[in-house]
Amino acid sequence: MNYHWNWSIFLEQVKSGDETYLDWLLTGLGWTLALSLTAWALALTIGIVVGALRSTPSRLLVAIGNAWVELFRNIPLLVQMFLWFFVVPEFLPRDWSLWVKQEMPAKEFVTAALCLGFFTSARIAEQVRAGVGSLPRGQRDAALALGLTLPQAYRQVLLPQALRIVIPPLTSEFMNVFKNSSVAFAIGVLELTFQARQMQEDSEQGIETYLAVTLLYFICAFSANRGMAWIEARSRVPGLIARTN
Amino acid sequence: MIEIRNVSKWYGQTQVLANASTHVAKGEVVVVCGPSGSGKSTLIKCVNGLEPFTEGTITVDGVSVGDPKTDLPRLRARVGMVFQHFELFPHMSVEQNLALAQVKVLGRSKEEALARGAVLLDRVGLRDHATKFPGQLSGGQQQRVAIARALAMDPICLLFDEPTSALDPEMIGEVLDVMVELAQEGMTMMCVTHEMGFARKVARRVVFMDHGEIVEDAPTGAFFDAPASERAKTFLSRILRH
Amino acid sequence: MGEFDFSVWGPSLPFIRDGLLFTLRLTLVAMTGGIVIGTLLALARLSPIAPLSRVAGAYVDLMRSIPLVLVILWFFLIIPFLTGSPVGAETSAIITFTAFEAAFYCEIMRSGIQSVPRGQLNAAQALGLGRAQTMVHVILPQAMRNMLPVLLTQTIVLFQDTSLVYAIGAKDMLKAADVVGKNYNRPVEMIVLSALIYFAICFGLSLAVKQLQKRVAIIR
């Protein structure tokens, strides 16, 4: 088989309109960034709370946290996308259900962001729990002995330390969010992978298309990595590594 | 000030405290000693409710620790504690360590808390280290900061849980000096420690524990000169030989 | 609340079973092939021959930094050029997953090999075993055993990831559920069914891995 290279394809107009293929890809990049960052913010918030719950002495809270993690870890992300998009609206009260199906703005985006956020939160929760668990027991005791309540002890003493410890695994989770956002193509979010498939069909220049998209994903992952490295450097505490009990 | 009556505690089948009773009066220093695993650390952690206990009662300044209705954070804010491994918060500077609970628990203003912290740092001889982080200090310095942190809450009494046993020998003195000074000023103190020199110097009484029981609870002089039990004699001969 | 009719589950079962069989076949082939190729990649990465180690490293990093969906699309596009003739979505899926998972198994095997104490290497060499013999008889079996729980956890991830062959329309379990859902006009019920099946299998397997982890921990 012969392949006809055409590197100027990106500047050509799409068959069905007056945009160029480059416009498609940039739109895709925009949605990928918006989706990944929204999901990440949601995932961090929920993941830290659930992870903290799982490290408390309360059996009930631990069980709730565990159920959360198992639920989101044991169903494929793609199936979760379908669940949020097609199934969850059916379980809402009638008025809400109608509103979600017919009127909700950016329905695909909102659904995908929730889905990816919850999915990632379970993985963050796992890291945060391990991080809190790795702290010496005395830190909790010392915080409580000063009269802090348990939530205060978490907020002021345990989580700030645990989060610093788990920055490396969180970095790879952050990079995963960008990769996983690609699954949102399946419910019609106009992100990079969606645009890649569309451009490949429309232009029949698959290799150029996928090369460009691969490069864009690379840039996303690399920026995510650098961003986290910056945070890690900024949050470094003098002398912290020297501490050994 | 501290009243411990018939306290017992089990971990599953194993009993770690057996019917322990003792007390610390206002202004008194009591040293608790005993071989490792004798339950002395557990006992002192029961006093501010860090460890729950199965039976008996403990009251601090009239407040019952084991009572589920007791506001434990409020009680703990009035009882200072110093730990074996210092347990400074490594992500906070020294002055932040001192200010945290003053602000969050006592509701002092940030400025007030820093000012109070500075006074106490000066007192433990670490005025110049306020902006350093715990990881940049020696063990002895960290433990002195930990004592200052407890004092910053203006506690009615102090609990010490083996405050010198994680320290290199040359640093023990600087920590004990601070403790002796506090004792001489009339601070109420309950100290789990093997520092018998410290005990002789400032303790009113010595409590000797073994296998979760309080075997002896005697005035300091009597304990060292004529221990009543075989177990205490053996313990003393082992520990004083060093 | 919408109205549900779960009676569609009954007639869907034969299709679901066929789909599940493909999903399992894909998982097992990709696992076996992935572990074999992954181990070779790991040996290449740890090899003292710099170009070999660099090529293997580049391959692993590449696979690990692109979304799986994109890898699936790439292979589906490229395989016909390499083989000279179009291949079905199912064959393409099997090749893709083997190649993709090899990168992940490689990293697991690499840390497994590094987890074997250096003394074992010295002991084997002292007995007169050659390099290859040492690897095959002494190092790899221990690396495998130490990493067994991690390898299995990765396989559960792989099992879930196979659902992404949706992107090229291969007939796995999710696709079967999708087709039945459309034919009977009961998509919601069929999505729920596939979610339940995935959950039951993955949760069951992860419990089994946890048990295994405890036992491995005791043996060590």
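Just a few scattered comments:
Chains: A, B and C, in written order; residue numbering restarts at 1 for each.
Going forward, a contact is a pair of C-beta atoms (placed from the backbone, for glycine too) under 8 Å apart; a residue touches a chain by one contact, two chains touch by 3 or more.
Keep in mind it's a predicted model, so treat the numbers as computed, not measured.
Ranked by separation of Cα centres from chain A, the top chain is B.
Relative to the centroid of all protein Cα atoms, the closest per-chain Cα centroid is that of A. Centroids built from CA atoms put chain C at 55 Å from chain B.
Rounded to a whole number, the gap between the C-alpha centres of chain A and chain B is 46 angstrom. With each centre defined as the average position of its C-alpha atoms, the distance from chain A to chain C rounds to 22 Å. Only residues 136, 138-139, 141-149, 152, 156-157, 160-161, 164, 237-243, 245 of chain A touch chain B when the two sit together in their complex. Of all residues in chain B, only 45, 48, 50, 72-81, 83-85, 87-91, 100-101, 104-106, 132-137, 149-150, 153, 159, 166 touch chain A in the complex they form.
Chain C meets chain A in the complex at residues 1-2, 4, 65-70, 73-74, 77-78, 80-81, 84, 160-161, 163-164, 166-167, 174, 187-188, 191-192, 194-195, 198-199, 202-203, 206. Taken in their complex, chain A has these residues touching chain C: 1, 3, 70-71, 73-80, 82-83, 86-87, 89-94, 97, 175, 178-183, 185-186, 193, 196-197, 200, 206-207, 210, 213-214, 217-218, 221.
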